[in-house]
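In what follows, chain A forms one complex with chain B and a second complex with chain C.
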Partner chain A sequence: MKPLDTTVVDVLKDGSQIRQKQMIADHYARLARARETGEKCVYTYVPGNLTELIRGFDLLPVLPEINALQSGMRGKSRDYIARAEKEGHSEDVCTYVKCDIGMKRSGNIGPTGERLPDPDLLLLSYTGCFTFLKWFELLREEYDCPVAMLHVPYQGDGKITDSMRRYVVDQLRDKIIPALEEASGKAFDLDRLRESLARSAQAEDDLVWVLQSAKNVPSPIDAYFGGVYYIGPIFTAFRGMPEAVDYYRELRAEIEQRLERGQGPVTPDGELESERFRVVVEGPPNWTSFRQFWKMFADEGAVVVASTYTKVGGVYDNGFRHDPDRPLESLAEYCLGCYTNLSLPTRVEMISRYVQDYRADGFLINSVKSCNSFSAGQLMILREVEKRTGRPGGFIESDLVDPRYFSASNIKNRLESYFQMIEQKRAGGGQ
Partner chain B sequence: MEYCVGIDLGSTTTKAVIIDCQERLIGRGITNSRSNYDVACQIALDEALISARFGLIEGNLKQGHERLEPLERGFRRQQYLHQLDTLSRILVGLAGSGAAAGFLDRIVDDMRLESTALFGPEGNRKSDFFRDLAGSRYLSLAERFAREDGACFEALAGLYDKAILEVENTAGAAGSFEECLRDAVADVPGDVEDLRRAVEQAVAIELVQVGSVGTGYGRQRLPFPEGQIRSEILCHGLGAHAMFPATRTVLDIGGQDTKAIQVDDQGIVTSFQMNDRCAAGCGRYLGYIADEMNLGLHELGPLAEQSQRPVRINSTCTVFAGAELRERLSLGEKREDILAGLHRAIILRAMSLLARSGGVNDEFTFTGGVAKNPAAVGALAQLVQDNYGERTLNISPDSIYTGALGAALFAHRGSRAPVGSVE
Partner chain C sequence: MIASSVSTLVERAEALCRDLRLQSVRDWKARTGGLAIGYLPVYVPRELLVAQGILPVGLMGAGADLEIIRGDAYYQSYICHLPRSTIEMGLDGSLDCLDGLLFPAICDVIRNLSGMWQMLFPDKYAHYLDLPQNFDRELGGRFYRDELETIARDLAARGASAPTPESLREAIVLYNENRAVVRSLYELRAAEPWKIPTWELYVVLRAGLVLPVTEHTTLLEAYREAALADTTRLPMDQARVVLTGSFCEQPPLGLLKTLERAGCYIVDDDFIQVLRWIRSDVPVEGDPLENLVNSLLDDAIASPTRYSDQDEVGGELVERVQRRQAEGVLFCAPSFCDPALLDQPMAVAAVERRGIPWTSFKYSENSGQFQVIREQAGTFADSIKLWSEA
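Here is the complex of A and B:
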């Protein structure tokens, strides 16, 4: 089995990190052997993922976004995107999509260097990102396999109504579960689902504790660059699995220890010794220059204390947990509650609360032009959050996995200017 | 006399501003940026110190201020002659025994002779930079020798292109201040005794640098410690505030970026926006258009101002605008109408950044090289009026020094403030 080649993992050498690396490597190895072992797999997305349900049928999840970001980190995305563009995909299309299509056309080699299995089912469990629909349309053409689509209504009024919940539960029962039964050849087992959901809630409690540890000053974690590692297991293949429970328990213990010792977050250059700026970040990170991007913050002593991206799979801030007593209802609420399904006023409210609760000096938006789910309305968010919190907002632009849109010197320039602006404001004059 | 310096290392030019302990501007210098940033900074600072010395000379002169102007021209001529010596030495070295070598001395000798007229009261100097002044004369003489004596123009022009880079990267190519000044005094006609005294007094004052801050596109390369480097956004904000204290919004359109900045009543930046993924609509756009139309950069604005029916240009992509320009010309549109449309297209892009940064608040200060272009200013004034209503629009003739002035003020107000624990 080849080790997982993730560029950044080596900077975080805690036990939980090693465990996570192994979990992911094992999963990919299992996927690579799936055809031999007869295991079947489902392609699905991170937002609103139905991992407990999928794994309840002994199906293996494959997440195209994760493959794309891994390709970005491993320096493969440029060629994959070029391949997709050569085949007619426009420059403005989401670069995750193009990276995925390019990867497929280049042999479908996954992050560990082994071939990914073709899907037995495409499970679209969240439709708030319109691109997801089109993406699976393309994959359906590629693989000629069935698609199960869960239509998730947008939280336009900022709340989940009974009828919205019922609408999603009905689809889960009448469409999604039968499709999973058909793909797996197994019958739905409600008790098994309940057990999984109980484990999910346990892991979720620990994850929430870890993310909220950043309310401490100084923060023991970076909730964006470090945070993307913390959400890895829960938003990919492992929520509801015993491995995830163990991982989050271990992670929490490590962070508790960091907190006790007054240690700052781990960065690409080791532990951050002096926390000079606390910021909230909105938007996904750039993956092609992830480490460089992180270093731009760390070099300034800037710690991200809260981020919206770490809520991309699902939002737990308001107390939501998967609930074994309400299995389908809580799955429905999970899909309805994912971050990009929230209305703009709700997102403004959420970011403003982060700025206040996490005692941030300001907030930054990393805007990705090709990601409509995140980027539409971000300038309005910027102005509104500034108005509500009185803290300065900053705006930078990059991309998910297209290296052509990461202009390092310009981004560094903006970030430096932004942090100097905060500093100047603190000093209260031309200091 | 103690002074603080701010240096703004831009993509096109490097600017230095020096201020005294009362934050009064006492000198400023500019040079074109080049590959060697250290030399560019040194030359800009030398120029700023020279301008400070001239300020001191002027202060020392009890009367006869009209003598200062010939003194300054004479001084510039002396610098020019020193630079010509350097140029000549480098040209000869590069040419070796090639066919062009025989013409080089003749060209440079003629340039020396012409220098008296070039720096005379009627001299037509279109630029302050040696590269432009010498280049224009050198190429014209090379052309003449090619026409009359069979010299190879391409070879001579190629030699100049190589040599000028080296001249620009040679510190001290313009000679020492004292030497040039002494020779310049000697050249001033009439009784120069009071002038000589004023010069001696000014030269005797020791100028001591007590603070420095660097900014601009190349600020990471400035020969200053990290703590003395400031973002150009902060420097532009503070510089604009110093020039126009009621400033609340600053727009800076430079060679390769556009910045929209909001400042408070102390000149502290509260919000800013810059172009990130694309540099369309920056100063370079106009440079490209000027090249496409075979015009000088400074001719674009006045020509565009003659437009009666501006053409709507959609593209702010520099390369596409070139294509659009050619198409419009072939359709018979007037040059001035197309140019007016191009200026408007740039400003529309800036308006979008301004809107993103928090709009245009009163007073509004426009800085950067493009602020010297009357058509750009006209389009901006109109669009601001249309979108935000009445606003006071400030443009300083010295707006190119805004960033350097802000940096000098930061230098005076202390090095980067220490940051304590975050609460």
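Here is the complex of A and C:
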């Protein structure tokens, strides 16, 4: 086993990464000034987010998972989790929740060091994760504000039925829009929503092009570690906004250029010069040791060519687009179609398709302790995808934002063994 | 007719609970030729199944009676135990008498188990029952009715009868009778807990997961009569507690006995909630399917698995403590149970606001050592009896 490099260095970033980082920092700065400027905010979740609707009322979204992952990346989650556990939250449950509760009880200082505003509305979009429901019940006890709840049915039989779509549309019309009108003091503007949805579709086209650029050999992108930067704007506050259209246009141009030049993806140590392994990854990354985790792949010359985590805030590579001609229906279909709202057989099909379409050497599952929505059933996914594709699967375990569950040496050891196995299979003519 | 003794009834019920191969279900199928459909916690509308001539069969894990070998290979260490034993029973053939399974919306683990079942047993019916979290009749009600109609159609296509208004009404009447006797047993236990030890009540309730509803109602009535007639059961100076958190994966029977031996009278609990999910009678008149839908929306108990609208989380727990004149709360949840453990801080805050004493511990369905819990529960009961203001 190679020695573990624990040196923390600044990650080399390309232009789009710097730009998206600035967009998100600006959004946090705007949130920090919200009370002075009189802007109101809505706390909501990434999967099933209704950003076009929220921003159509001039409300600002705050996403607790993003706060938590940012806290994880900035080394603050350990203390927040410890505080929540000290105050009675179980060690067994989601660390995003505990990180968020701990942050709130520590002054609600956001990742950029400024205090986040209290919510004017808690918009509980219950999509693909049971914990979301309890999380906002917990937040409701922390804040004195109304809650609007959108129940998005699960695609248990692998399809969206008319009944599901109608249920979500009716809730949007009868519950969510009135709650947003109440919170904002503004009337719903359907034309404005349509304009936003048209912009969403434009950005989605470019995002899909970027993600599918990884079908090229070598791939110009890393669709997991790099991918989390690419999804940043569209998964957070910017879907449907002109900034997102610009960002994804520029990102696409950047990747087109990388392709033309035959460049590999940017890694923490600079551009990857030689692509040795192509893998698909299922599951969210670990955030507390994100760079270190990424480097473990980059050091092996491993490129993630497709990932499921980059579909958690919306699956677009199956053809779905937000549709200005069917505004509420397409918002409903978006919510219903987010990755963790898909049945396990559908997830197996999707990963298997990725392995084949992206010409991957294999696939890896990063199983995170915090997230049963992702994790329960992953050992079966492992077997099924191996069976269907004939490519080897690997399994590693960590957590989202609890550093106690990231064992660098164990993970590195497993990854090295996994990549050795792929090499041996190649040498043996296995692939 | 010679009245059955408590011990005879409880022995029969316990044997049914521990029969992991579901012999009684196999016998019922051989006798009737009907379908048997299993369901996981916490709630399914059994009336609909019975109206289709189906035997509903509740699955709540294998307890401590089954060594888990293959089931563990499907789950990471941080996932609860119930899905492991369910998979184990599926793979070892114990559940092959079931024609399908319903997976109600309770948590992400059970939700994902529905997909695993579809892949593991492609010839069996496996359906995720999405219970509405919006309780508006025009919204959640309409969606839920669609869900029930889908299930009814699916099962009819597999050989069950199509439900009729008459068959639904008949089933509703049978379950109303069952709910009534269950309610009466809970009332009796709260009034005279020495007459109805919780572990006994637990097994006679749990037997209802595999018995046809009429047989179960008869068993419960017989048990009630026998327990009331038993003059050897005398009150003891024990602390009256409500036990909460055990609505899915079940504590081992030994744990229940341990708690009672440690000085606790459990006067309310979360066990086998499918029998009590609907608080009162489901109306019989009118559209029976609509009545089932509305009862779920308007008359269901509070649960960590059910979105708590604007009410205080834990408010219903406090109300139960007060109504049952309990002196404390035992938070008794399975390890890694998201609904119970995410709910717990809110419920704890609710009881603390009223000055109600509480303690908490976790278990797994196959826990074998109870000494630590016994000491904890004993100390808790002693503290109530010695220092409580009551």
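Simple rule for what comes next: the second predicted complex is superposed on the first by the 415 of 431 C-alpha atoms of A that agree within 3 Å, B and C clash if a C-alpha of one lies under 4 Å from a C-alpha of the other, contacts with A are read in each partner's own complex, and residues count from 1 in each chain.
Criterion: a contact is a pair of C-beta atoms (placed from the backbone, for glycine too) under 8 Å apart; a residue touches a chain by one contact, two chains touch by 3 or more.
As the structure is a computational prediction, the values presented were derived from the model and not from experiment.
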item: First, second, both or neither for A:Asp92, with chain B first and chain C second; value: second
item: Chain B versus chain C as contact partner of A:Met149, first or second or both or neither; value: second
item: Partner chain(s) touched by A:Met421 [first = chain B, second = chain C, both, neither]; value: first
item: Chain A residues touched by each partner, larger count belonging to chain B or chain C; value: C
item: Chain B versus chain C as contact partner of A:Glu397, first or second or both or neither; value: both
item: Contacts of A:Glu275 with chain B and chain C, given as first, second, both or neither; value: first
item: Touching partner for A:Arg239 - first (chain B), second (chain C), both, neither; value: neither
item: Which of chain B and chain C A:Thr131 touches, first, second, both or neither; value: second
item: Partner chain(s) touched by A:Lys369 [first = chain B, second = chain C, both, neither]; value: both
item: Contacts of A:Ser407 with chain B and chain C, given as first, second, both or neither; value: first
item: Set of chain A residues, in rising order, touched by both chain B and chain C; value: 369, 379, 397
item: Residues of chain A defined as touching chain B within the complex; value: 217-218, 275-278, 301, 359, 361, 369, 379, 382-383, 386, 392-393, 395-398, 405, 407, 410-411, 413-414, 416-417, 420-421, 423-431
item: For the chain B and chain A complex, residues of the former touching the latter; value: 230-234, 238, 257, 266-274, 276-277, 356, 358, 409-410, 413-414, 416-417, 419, 421-423
item: Complex contact set, residues of chain C against chain A; value: 73-76, 78-79, 83, 103, 105-109, 111-116, 118-120, 127-128, 130, 132-134, 136, 138-140, 142-143, 146-147, 150, 304, 307-310, 313, 335-339, 341-346, 348-349, 362
item: Parts of chain A lying in touch with chain C, wherever the complex brings them together; value: 87-90, 92-94, 97, 126, 129-131, 133-135, 137-138, 141, 147, 149, 151, 153-154, 156-157, 161, 163-164, 166-167, 170-171, 174-175, 343-348, 367, 369, 372-373, 375-380, 384, 397
